[in-house]
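Working notes for the structure below.
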Amino acid sequence: MTTVKLLLHCEDKPGILAEVTDFITVNKGNIVYLDQYVDHMENIFFMRIEWELKGFLIPKEKIEDYFETLYAQKYGMSFRLYFSDVKPRMAIFVSKMSHCLYDILARYTAGEWNVEIPLIISNHPDMAHVAERFDIPYYVFPITKENKVEQEEKEMALLAEHNVNFIVLARYMQVISENMIEAYPNRIINIHHSFLPAFVGAKPYHAAFERGVKIIGATSHYVTTELDAGPIIEQDVVRITHKDSVTELVNKGKDLEKIVLSRAVQKHIERKVLAYKNKTVIFS
Amino acid sequence: MTTVKLLLHCEDKPGILAEVTDFITVNKGNIVYLDQYVDHMENIFFMRIEWELKGFLIPKEKIEDYFETLYAQKYGMSFRLYFSDVKPRMAIFVSKMSHCLYDILARYTAGEWNVEIPLIISNHPDMAHVAERFDIPYYVFPITKENKVEQEEKEMALLAEHNVNFIVLARYMQVISENMIEAYPNRIINIHHSFLPAFVGAKPYHAAFERGVKIIGATSHYVTTELDAGPIIEQDVVRITHKDSVTELVNKGKDLEKIVLSRAVQKHIERKVLAYKNKTVIFS
Amino acid sequence: MTTVKLLLHCEDKPGILAEVTDFITVNKGNIVYLDQYVDHMENIFFMRIEWELKGFLIPKEKIEDYFETLYAQKYGMSFRLYFSDVKPRMAIFVSKMSHCLYDILARYTAGEWNVEIPLIISNHPDMAHVAERFDIPYYVFPITKENKVEQEEKEMALLAEHNVNFIVLARYMQVISENMIEAYPNRIINIHHSFLPAFVGAKPYHAAFERGVKIIGATSHYVTTELDAGPIIEQDVVRITHKDSVTELVNKGKDLEKIVLSRAVQKHIERKVLAYKNKTVIFS
Amino acid sequence: MTTVKLLLHCEDKPGILAEVTDFITVNKGNIVYLDQYVDHMENIFFMRIEWELKGFLIPKEKIEDYFETLYAQKYGMSFRLYFSDVKPRMAIFVSKMSHCLYDILARYTAGEWNVEIPLIISNHPDMAHVAERFDIPYYVFPITKENKVEQEEKEMALLAEHNVNFIVLARYMQVISENMIEAYPNRIINIHHSFLPAFVGAKPYHAAFERGVKIIGATSHYVTTELDAGPIIEQDVVRITHKDSVTELVNKGKDLEKIVLSRAVQKHIERKVLAYKNKTVIFS
């Protein structure tokens, strides 16, 4: 069953919800999902609606055009349409740690996610054996201060060649440059190994240990040009005690990291995330 | 700012959401909240919508009638209207433990809840001093096997006299009879000191200890005639270890119980709970 | 049953644990609790041991002296002895919010804690009615930039007069001066309304809302001269969503604050917290 | 650094802790870990102690004998010794679901666990491709009512041949017979997809959905002859809402299952679990 997913936001005005649902109903679309939210402080209306393509009177290729003309212009909407028969294409960036990578590839191989993973990119050769186990091409681009710009350009060419829609940084230990971030706005998903905004930057488990916190966390967010400061998609935490060494924090953290990252990636794939003003609306 | 809250459910059909929102918008109601949900398995549409009374074209006292005539009959809806300037009236039933009672009365006295608490009923005199601290009338109805029916009738007369809308069992250690349950359908809120459906019945902490669980819980639910089996409103849990004795489980559990019960009561007061077929829809 | 609680720490050396337990056993002390921990990085041995006074061969008033002479000097130990029949005396500082205050007083009145609360101090008169409900003297010391030193001196005189051992800041919205902190080292317990070290300082819920986090927290810690940076005793968190306004964060946070603060106070009263180098060892 | 781990329990008597630590210290063993616990209700002493083999005066192969003679007989102890240079050998049993299997194999391949996995056994061929990716022999034993006894005998022969010490049921959808359970007492680790004792038996997610719970869980336990009733090693939970279908419960549950199972297996491998009277002591 192919469905159409429509995500939109605009200034809130009376009648928008009624008009949009009416548009689908009148044109014989069977709505299978609807979630909406009004930010009353900012007066913004957010909506995610999904309906079956079968039986819908407007041809698939004209839906965007019609919606643009009939509603988006009228209400000043930003909107995106997604068809469930088009699989988004995702690249994984990884460095030397395998836990997030395995978790993603296990889900992918088990068919849990409606996604294609055409390639894995790394700054180190270490994870090549994992890529091989799952039969996914693995490209190594070693990064130094000197070659960073150049290497990222090559990476972007490769991503373009593979029609990659979004990037998942599965514990990729390099800061992404502005150039690449701007090419993938709110389409690079990172996992930071702390409960942001606590412990921004490198070595958060060491910092958590030093501070003597009783709970550690992990945060998945879209990458923006400010380090570890992009819109948060998902977070989770786990209790620790004074008995846990840094090594034990790292190990407990790994389980958090992989689950939090995979939850965020899944929500992104399902088009349930709408980033707005450095925050996210997560549809149910 | 007085608002109208409308909760409804009915068989799902195209256009209901548009029609209901349209009804409010067309009549100049400013919608401040909307949440809806479709149970696609049962094909039921659930909705909670709230709008400002001020400026609404239909007079307050006629809204119910209009909505009934125009929509409820057409779609076979069950619905309820609530006005925010009408405070629901709540009775507390308590036995010998004070933790839930204090938590409720502290919130009430601090003005956290839009509710009136005209009386507290108990089968023991022990908590009279707490009621006194908060200046709330306290009535004792000792219960024995022999006098139960009779005493409950007196309680119900007292509740009617005080125009009580719903009852909160704040660790009231008596099973409520069918007669009273039927007088307050989905209006008696209980806190059970376990993660239901585990450990139904008396002494759940002892049972949890015996079973050696690593997590204990508390469950707030509407009371139905089947013991501990009514629609669940809220649950929460806390970790324990082999070092925790039954006494420590009881103490850790108390914190859970009071928070879980208060969350459930608050949702009920805010009209965010819709019970349906022994389950609850909890609006956001 | 009166017990003796002994908390100690010192450089770790072979045999300490055996010697200390032997000291109690040989002198006919019935050990009812023992927890120990070695920080292998810093090479520090931490221990909490509790035994029944009845039947112990060394007289109550000489235990400290004997232990000092026989073991503490030999191993360079820091140690403290506590007798369960001596109730610690605790002062509550509060400003205008009642939730933590009610939670503490409810537990106190119900006899949950082995503590005396001889007085409540505030910089505002607002909470006098709560103190009155629980029959506890309430003193108001309004604080301005100009009178702060002077007022704190009066507070400290009052605390001394009431033989107060430790202070609980139950959402007291004033920074405590160095002078008072040094008079109560690791004996002033604060509740900070964020998951420290995220959102240090004022208005953490506003900051959390701005940052768009998906989880909020509360942190109880000992007060040191660096703001919100003292040894953490307890933390907990709760999930939020994009739908939660600042007001809703504040409300959800209140439940966290009171539970986290009360857990920390309870551990302190039970002598289960040992602060060391700006961190805490929490005995089980 | 090779270490010796000693786990023991016996009736609690004064002096045991001192004697056991003294035994190690006097014989020049450097203690790197000690955790003990007294069940005061049952009067049982539990202990886990670990020390470096290097420099220990008693030869490795005689430690067991000495300890038996000097202490175990005297105190009526049950005890087990483990050397860190001996890797336990673990078999995985799996049916058709891959999530727990991938999680275990990813950790194993990354070297997180001090364990050998010589083989995987299944009642279905479906997961052969996963075993192949990780180069682990995969054996299929289809099970019917008729051949169950016979097939389990073959499995046990295979396990014996591979010197398997313990078995992990990674969502193995067959009840294990008494015969095999008795051959591996407290050495078969299962993951049950509910918060036991709620929803014992098949289809717990369906049952959870029907009951309308607000939280689901997973439980890892040792297998005993009573179904889903063995000693619990680890549990965890996740929140759900009325919007979650059974499919979504299954998916959310998968993440719980794999994390909970892997935590339990890790604790077992690290010898941190001591099963006693259908409960577990989990050392820190």
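Letters A, B, C and D mark the chains in the order given here, with residues in each chain numbered from 1 onward.
Note that a contact is a pair of C-beta atoms (placed from the backbone, for glycine too) under 8 Å apart; a residue touches a chain by one contact, two chains touch by 3 or more.
On a predicted model such as this, the values are computed, not experimentally measured, just so you know.
Comparing mean CA positions across the assembly, the chain most remote from chain C is A. Averaged C-alpha coordinates give centres for chain A and chain D that are 36 Å from one another. Here the spacing of chain A and chain C, counted between their Cα centres, is 42 Å.
Along chain C, residues 40, 241, 243, 284 each make contact with two or more other chains.
In terms of which chains touch, the assembly is arranged so that all chains touch all other chains.
Within the complex formed with chain C, the chain A residues making contact are 37, 40-41, 195-199, 211-215, 217, 231-237, 241-243, 245, 278-282. Touching chain C in their complex are the following residues of chain D: 14-15, 17-19, 21-22, 25, 30-32, 34, 36, 38, 40, 239, 284. On the chain C side of its complex with chain B, the touching residues are 98-99, 102-103, 106-107, 109-110, 112, 133-134, 241, 243, 251, 255, 259, 262-263, 284.
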